[in-house]
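Have a look at the structure that comes next, please.
Going in written order, the chains are labelled A, B, C and D, and every chain counts its residues from 1.
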Amino acid sequence: MNFNIIRCARTILHVTDLEASRKFYVDALGFIETESDAEHLYLRGLEEHGHHSLLLKKADKPAVEALSYKVSSEADLEMLSEFFTNKGYKIRWMEEGVQHAIGRALRIQDLSGLPIEFFAKIEIVERLIQRYDLYKGAHIQRIDHFNCMVQDVEAAYQFYIQELGFACSEYTAAADEKIWAAWLHRKQSVHDVAFMNGEGPRLHHTGFWLSEPMAIIHACDVLASMGYGGSIERGPGRHGLSNAFFLYLRDPDGHRIELYNGDYLTSDPDFKPVRWDINDPRRQTFWGHAAPDCWFNEASAVLDIVTGEKIATGMPKLEQRKPETII
Amino acid sequence: MNFNIIRCARTILHVTDLEASRKFYVDALGFIETESDAEHLYLRGLEEHGHHSLLLKKADKPAVEALSYKVSSEADLEMLSEFFTNKGYKIRWMEEGVQHAIGRALRIQDLSGLPIEFFAKIEIVERLIQRYDLYKGAHIQRIDHFNCMVQDVEAAYQFYIQELGFACSEYTAAADEKIWAAWLHRKQSVHDVAFMNGEGPRLHHTGFWLSEPMAIIHACDVLASMGYGGSIERGPGRHGLSNAFFLYLRDPDGHRIELYNGDYLTSDPDFKPVRWDINDPRRQTFWGHAAPDCWFNEASAVLDIVTGEKIATGMPKLEQRKPETII
Amino acid sequence: MNFNIIRCARTILHVTDLEASRKFYVDALGFIETESDAEHLYLRGLEEHGHHSLLLKKADKPAVEALSYKVSSEADLEMLSEFFTNKGYKIRWMEEGVQHAIGRALRIQDLSGLPIEFFAKIEIVERLIQRYDLYKGAHIQRIDHFNCMVQDVEAAYQFYIQELGFACSEYTAAADEKIWAAWLHRKQSVHDVAFMNGEGPRLHHTGFWLSEPMAIIHACDVLASMGYGGSIERGPGRHGLSNAFFLYLRDPDGHRIELYNGDYLTSDPDFKPVRWDINDPRRQTFWGHAAPDCWFNEASAVLDIVTGEKIATGMPKLEQRKPETII
Amino acid sequence: MNFNIIRCARTILHVTDLEASRKFYVDALGFIETESDAEHLYLRGLEEHGHHSLLLKKADKPAVEALSYKVSSEADLEMLSEFFTNKGYKIRWMEEGVQHAIGRALRIQDLSGLPIEFFAKIEIVERLIQRYDLYKGAHIQRIDHFNCMVQDVEAAYQFYIQELGFACSEYTAAADEKIWAAWLHRKQSVHDVAFMNGEGPRLHHTGFWLSEPMAIIHACDVLASMGYGGSIERGPGRHGLSNAFFLYLRDPDGHRIELYNGDYLTSDPDFKPVRWDINDPRRQTFWGHAAPDCWFNEASAVLDIVTGEKIATGMPKLEQRKPETII
């Protein structure tokens, strides 16, 4: 492995009503709208210098078109293309100019069936981190991670670590020490991607990083006063796993968004991955709250990188679907 | 009505294990232990200049011995005694010296059956508001209110307003505009006492005021790291009613405590009480979360001011026991 | 004294440029603009149900027209009129209709020369406390207090306590236990008005209450990003006296505003006023920072209630003008 | 350059009174004391899995013995040794066992005269990030950066970037676009080391990262209540440069510590360094406050890696010693 994947960089979501999405993401949550047209809404966080980290496309049905990673250079794209081709993966090149504000991009359907994209170049725009007069809602800072439901977490875990050079920060062990979920990173945070045992492949959520915890409380208040109380699915709470202070939201199309603050530095090669037992009551919510069933069952469909059709999902390998209820 | 009731001032709880209570209230939540002996634990908040606002007494069974209001002077006690005697209430004087650190006190069983106490004098101790080196856990500042389940909220509401001089800040209306719950105050905050329609008389919770919202988040973290995750019953969240940022805890005996921040000033006679429909999804939790059933069903038994026996409870007048589940 | 003064309720400031004021108070600090016309800007905080608590009037020179207290009823106004007349004070009635949104008002020039107004009635408007989507800048909640520089603090202190029924929460003692400054309240907070020894009569600042400390940090950031860095005169910091977390700003006309959070409950008659030595380094800023000289020297001119002319100022009675510099 | 420097990892300070240091760092600021003996105090932050990030050694005079970087492996140490030897630098090996809890280490005196250390191995200890019951004072999370005063910033900047592989996140330009100060990083934060134009070589401060801004406010309060008000040198405030929310403290020996929260992700090769003009009033403090002169003039002496003698300092290359005072 000679390519350098830097970090998770954008999610492309299909949504059915761009105006409804704008109201939710821009007016309520405070995403910055870099640009838009009749078919697209390009959104970014306040500290981001890339053109967008969330691309919403008008479509008939909600779905996930791609999860994009930024790589270091064009050469990395070539190496990735060769790597996946040699492994027998179907690849698809999106040449420069095909996607607005993004350079040449490589798409693959990964071993779990997830539509993954790699690109090196994105249009540079103004960082608004010190334009506090523009801060609204949740004060969204930057994209942080993807969380995906897959049928075989252990296989995904092995592939991303051994073949793609990710490192594991934390994981959840089920019976017989099977890996039930894993948090993997390229950048020096807890994760760029997490895999959870579940009906898959599906995108469980995209996480966005906030700079301080009160932004989550304020986001709840703003959402509620705008009539989005029903969009708050879970939290606020503290994850045992990752130590993040979190809030889960469902957008107007049901796509799940995590607002995320906390985390820690994962720069060191001698960092030992943290093991959590799936039934540890402090794992999912450090404070002991159970997540609602919908949080475990519902997720976004993902699309075929070539046909654009919905990828069929299958049942997960490990039987346990969620932590045992704690009484 | 010529007497001057100032504010809610202390709760006397019977607990079964003082050491377990100390660990919860002092070590975890950060109450200040003013004094203690083999039978009593006297606790106060950081800004309080009174000897205690929470008195825990060792007993065989958890129960509520009294809910105490501070009045302006000894003369107020005399007037209250005359008032309740004239109304045909049984009264009980606790002469000075009978209760540690408290002057002469008058106890009555109120119209709902709640054990109420009035006193004018309490031993003055050092305010620790600027001893930030002693702040721990939830940074408890002061007692804020009692919340009681009673059979006939409307009767309690009328009596406390017309006879005792309380004012209403907010209330919940059920079918036919019947008052399902009411928030009443003497001091200039949202409440000193709230009454909710339910099996009563019982004490639902005692509320303690915190100076800022992050203290609630930190309290959750501290409680969880000390193994008290199971004590967190509801929250953190924002009440629509009162606008408070809240957390509900159950102490080792099951007594409920609310950590409370937010509120607003209720000094003005032209303040119009805020009406909430019982089924308004933003009433109980502004952010839309439903409270768990135990929060509606469980509460602390209260004792007879003379015999010390548990007061028998009865079913509430209004049929609706909790808001309709929102789906 | 039979009248009931409830609380400080509004400041009337003369400003030279209403547009500049709107940009500062509404756009940057987040005051709610209830109403405006070519000559007036009526502003209130998010929890206020009164029409305004800050009235800005277009004028040639910056000045303070009046500091207004809300009283309980029209009868209180009559009693106050009689009281001041009997004491030999000049009074001025502003009949209903003369001032927009305010009922009949009584103005007097108090013993220190300050232009004081009393009113019972103000137009009731919507409280926006739960319209979090409208929160901006400093999230201004409500007016809290006036702080005035006067020549003879001890005389003002005695008059406001003995004649007007204020209570003292904290005070600063100079040499020979002379009162150098005093914090006096009617509502149950640390103060409605403070008097400081200085060239007077002048208004030092009007304090506005915020609901939580991070609102002050966010206000600094917003002000700086809008080019108002030069308006931040002092802080953020913690006052030893009052325990408030504070920020002092100068508006475009030089009027001083305090953003204020913290405080404590002052409901109890047995509360013993807190004494601070003027040279205690923790008095002015608990953390030890010295205030800049301009904070001690500069303040707003006040006007004659009848002629509208600037009241001439005089040197204060106590020689010490500010705390000794701590080295 | 083939070696992999991971991040700044520890500061070794000489202090004159270990008890005074413990009271300041452990009791007041909340550093975790991993271990200690009569001559050493080993301290770490709450999220750190390394044995210590701050080593205090008893000595006659305050000084800086070393600034340590963690490298990826032992091989990196060998490559660094060869690199510096080839460049004509004096090196010193500290063999495993010589320094408690640290593996083999390489020390060099860098081009500016700073005593730099590299090590790959440090004893792994328990991460206490979720032991919220142990959080005290400033809730110190981890070491973040060194800030050094050097005579020739531009030379240091070039060497660290071109020879050691650091990247520049932000810099300050003086007259003729000369680099007056530079923020350089290996880990994906704003900096591991900053160089400022000044009398050098000296250590200006070591920065420690906190997880949220209220921890800085609480730290001020705790410090003040323990009598450390005089230790607060500057802040709290927001840096324009780096966007950090900061507080500067002086320890009992005068060593400067920065409490630091904010920052942003610097993972991307296409990140363009942010340029600040030295006289931009928002550079040093976004909110416009000037730093006190002592902040520009005072810093800690550094020692010779071989003799342990104080390195003589010299005047800086650029004339301007601090930003022009803003009036």
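Side notes on the structure shown:
Keep in mind that, in the parts below, a contact is a pair of C-beta atoms (placed from the backbone, for glycine too) under 8 Å apart; a residue touches a chain by one contact, two chains touch by 3 or more.
Computed from a predicted model, the values in this text were never measured in an experiment.
Two chain pairs, A-D and A-B, are weighed by contacting C-beta pairs, with A-D ahead.
The chain with its Cα centre farthest from the Cα centre of chain C is A. Summary of the copy comparison: rotating chain B onto chain C for the best CA superposition needs 180 degrees, to the nearest 5. For the self-contact between chain C and chain D, the two sides draw on mostly identical residue numbers; the shared fraction is above half. Note: centroid distance chain A to chain D, computed from Cα atoms, is 34 Å.
Inter-chain centre distance (chain A to chain B, centres taken as mean C-alpha positions): 44 Å.
Of all residues in chain D, those that touch two or more other chains are 130, 212-214, 221, 224, 286. Only residues 213-214, 217, 220-221, 223-224, 229-230, 232, 236-238, 245, 281-282, 286-289 of chain B touch chain A when the two sit together in their complex.
Partner chain C is touched in their complex by these residues of chain B: 6-7, 47, 49-50, 70, 72-73, 121-122, 124, 129-130, 141-142, 187-189, 211-214, 240, 243, 261-262, 264-265, 267-272, 282, 286. Of all residues in chain B, only 28, 130-133, 135, 212, 214, 218, 221-222, 224-226 touch chain D in the complex they form.
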